[in-house]
Amino acid sequence: MIVETMEIVGQRKIANNAYELVLKGQDLVSLANQGQFLHVQVNEGTDPLLRRPISIADINKQNAELTVIYRAGGKGTNMLALKQKGESVSVLGPLGNGFSITETNPGEVALLIGGGIGVPPLYELSKQLTKLGVTVIHVLGFSSSEDVFYEEKFAELGQTYVTTMDGTYGEHGTVIDVILKQGFHFDIIYSCGPTPMLKAIESTFPNKKGFLSLEERMGCGIGACFACVCHKKDDPTGTAYKKICTDGPVFAIGEVEL
Amino acid sequence: MSRLNIELPGLSMKNPIMPASGCFGFGKEYAKLYDIEKLGAIAIKATTVETRYGNPTPRVAETTSGMLNAIGLQNPGLESVLTNELVWLEQFTVPIVANIAGSKVEDYIEVAEKVSKAKNVQALELNISCPNVKEGGIAFGTNPDVAGELTKLVKEVSSVPVYVKLSPNVTDIVEMAVAVEKAGADGLSMINTLLGMRIDLKKRKPILANRVGGLSGPAIKPVAVRMIYQVSQAVEIPIIGMGGIMNAWDVIEFFLAGASAVAVGTANFVDPFVCPTIIEELPQVLDELEVDHISELIGGSWK
Amino acid sequence: MSRLNIELPGLSMKNPIMPASGCFGFGKEYAKLYDIEKLGAIAIKATTVETRYGNPTPRVAETTSGMLNAIGLQNPGLESVLTNELVWLEQFTVPIVANIAGSKVEDYIEVAEKVSKAKNVQALELNISCPNVKEGGIAFGTNPDVAGELTKLVKEVSSVPVYVKLSPNVTDIVEMAVAVEKAGADGLSMINTLLGMRIDLKKRKPILANRVGGLSGPAIKPVAVRMIYQVSQAVEIPIIGMGGIMNAWDVIEFFLAGASAVAVGTANFVDPFVCPTIIEELPQVLDELEVDHISELIGGSWK
Amino acid sequence: MIVETMEIVGQRKIANNAYELVLKGQDLVSLANQGQFLHVQVNEGTDPLLRRPISIADINKQNAELTVIYRAGGKGTNMLALKQKGESVSVLGPLGNGFSITETNPGEVALLIGGGIGVPPLYELSKQLTKLGVTVIHVLGFSSSEDVFYEEKFAELGQTYVTTMDGTYGEHGTVIDVILKQGFHFDIIYSCGPTPMLKAIESTFPNKKGFLSLEERMGCGIGACFACVCHKKDDPTGTAYKKICTDGPVFAIGEVEL
């Protein structure tokens, strides 16, 4: 975990309000793993004041480049979307634990389930899993056709099913609908997306081994401010807790309260 | 010869910069980024008798040049702070300011008595002003008599000097300051956060699960400077100033207002290296101001 | 059918946007830039019995996302306001909110009685909260009994509804609001500025000649929203909300907090066209929120 | 007085911390006169929040261009100095009354006295006066050699004396020293600069006809907020006042309290 000024070497719109940002740095990149995130200062000055947490979507250690994909919606991400190639941003990272791939053995089948802006971190993960000889199946859910991104890139790595809530592209319905319909055989689940989706996954596959990546509003991003805690499943109303920024953002299914 | 060292009750600081309570945990995280031995002191997260989970999330929200927080005093509790956090901190020589909180007088007394005995705790910061705890919390910080009484009781049991942390959410900050000084406070620390709120326009409800939260950051700096300016002229005890400090020049403004040391909170989230950076920059700033020692600036705007 | 019209005691507004008192003079200057007939209402500069020059300069200082002012209620005085300013404003049909101030109760009463008789004054805004006048000014705004008593007396002589403008520099804003409601206030207007200060680091003295000033602008918005959220749930009378509004989305936040109309102050200095711009943008914003009429949003965050 | 988004067509450093900024607009330029000022929003967003008042130094109506010269010192002007050619800024103006040249007749001699960053507005004034057939003498005071700017440009219009407080360039001492030493004959004074300098001019030439341009911290810049008032000479402690932003920034010698 370090702070590095990274240069924007690529910035392009890849879907409705979704941007792909490529950042060039040095040491920070060499430390990065799938599922970790960056705490990005989108602007100098004091407004917006706080950094923005954004997952690492793709890691290119040779070129010392990291790719993130973000949705421009609020004050900070809208500003980030205005940044041009050649400008640079201060990045704190890599942060969080990332997706563990050691539990997964060559030959096994991993089901990667992404929802909307939760899809990006699954890309680097999928690259790492396939490199390990793991078979990957991707189920990517978006709200509508214009929100879809990275379908081909995922397709290069394994079977890829895209679904939209309004049915304007790919399958119609939720990722769960697709999974049940296809009746995949798989050994492990990796997922990132909106909490309702993660909850649905947990309840649909209670006995499956797997990992979920969570989101919460953050302050420090490094475990010092207690902004981002969640309860543990085994102590839902007690004082036990996990910090999403450092103990997470990735947790084993059943580990924490969603 | 050092140009930054400051001597305060219980606190012998090589420089006047400390991270503000609640913005630095118990030091472990920032110790991974830099040598926290560089700091003038460390104000640790509020400690309560019992282990507290705090408020539901979301606990933070951003505002224009500021942020709201409603952590709700989450902390591992007195026992664990004594046996884990403080013991871990023993490897450093930096003076520790233990921020203590509670909802009942007895709680404050118990924590004060025990924490003040820890070998590396050099001072207590009596947090009578946390806006984020339902029971009592705020009353202590807004009623001069209640605050004075609590200060007196805590002083009786504390083995180290006591700094009372004042809430800005009062009509008359001077009255509060004078009351706790009379009650025996060794120093003041101010300001805590201003009560604020942000509403999610789509969801039509407050962003914070706790609804209201404490406003911090540059947005509140003028209020902090004003209160320190007023209080420092009304009391004899030293003031640890805080509220929106982002850089070395801000530190100068707090000294000129009447602070003898400062705490940096929210800025740590923007730039985790802000404290060591400020410490490095202060000498050049003193040069520009043609000042030998930073202590010469204390109260400089009214002296 | 209009989606923005709001009916408040004395004020029949085609839209809920009015410039805040003291940030729009008596309308002449902005009338050179746009048709002020577009405004929902106009809150004119505070009027006192006597002609006031106000404080020495500098009277304003910038802060992070905010500004401090210590104008000191400069105004031409009751007579001139009646015979010049208000007469000039008669060419417009926009309802006028006359902001009245004073240092003695008698002053308030005299101004209230006479100004409220002016044919185009539809409501009074009782400024009990100006932080920039030594004598009295502030006490009226911080003591519920004093505020209540003053409200009662002003109500007795006023020919139009009275909105009491509350100061945020109090421990318990709800207590203040309830007190003036009990005393007969027809509405509230909040918030006035937060007391703050900025120090000139080179000169080592406060930038403002008056030393302290009132903090306004986006920096204080979370405090304003919080107070309106609390007060609107405790009183029956309507609230004119203000404090850091810069755009149409900010207006929505104030409505959701509990305001029934808003005033825009500091933003006029940043963009002199901000009021008409907000009025133009509101309908699209309502579309995005799928709301027919803005009044549906009043108190939406707690109802 | 209007608000116009003006494009930066020139920005260059012309002295120590002093920048010459050329702005291209439309209608605003055609309204501008010598001695008026612009209220410039140096940045979008809320920090810095307020506009910055800056005098008009040169007016080019054919090209619809205005030149201002500013000292980069504080938060806002430092940001302005970072703006690049091609970027644009929101400008409110022209504001204030400007220098009246109707009192001055062809053949008369006008003494233009500028101090530091008060020098710029005198340039357009000098152009207008010379065009009228008025003889101009310029006395420009700066703190030190590296602060001097526009000497040649003024020299093209008339006699020009530069003085520095530390004597590192031109004459040594205050502008008053130079004027007395040279013993100019002149009919009218026009001056802009630090208040102590303006006071010295008033006391040295009590009976001279002339105009002084004042500065004060401003809010609205258009006369609505009462931030920028000053007392009148004939009622120094009373309630009479002048607004520097609208009644000024230029006042006749002896009109207001300095």
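In this document, chain identifiers A, B, C and D correspond to the written order of the chains, with residue numbering beginning at 1 in each.
By our rule, a residue touches a chain if its C-beta (ideal position, glycine included) is under 8 Å from a C-beta of that chain, and two chains touch if they have at least 3 such contacts.
Note that the coordinates shown come from a computational prediction; the quantities given were computed from them, not determined experimentally.
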item	value
Shortest chain-hopping distance from subunit B out to subunit D	1
Between A-B and A-C, the pair joined by more C-beta contacts	A-B
Subunit A and subunit D: spacing of chain centres that average the CA atoms, whole Å	56
Centre distance in Å when subunit A and subunit C are each reduced to the mean of their C-alpha atoms	46
Distance between chain centroids, defined by C-alpha means - subunit C, subunit D (Å)	36
Residues of subunit A touching at least two other chains	46-47
Of all residues in subunit C, the ones touching two or more other chains	63-66, 218
Chain-level touch network, classified as line, ring, star, complete or other	complete
List of subunit D residues in touch with subunit B within their complex	46-47
Subunit B residues within the subunit C interface of the complex	63-66, 68, 142, 169-172, 194-199, 201-202, 204-206, 211-212, 215, 218-223, 225-226, 229, 244, 249, 252-253, 256-257, 289, 297, 300-301
In the complex, subunit D residues that touch subunit C	1-3, 41, 46-51, 75-76, 90, 92, 216-231, 238-241, 246
Residues of subunit B touching subunit A in the complex	22-25, 28-30, 32-33, 45, 51-54, 57-67, 69, 71, 74, 77, 207, 217-218, 246, 266, 268-273
Contact footprint of subunit A on subunit C as seen in their complex	64-65
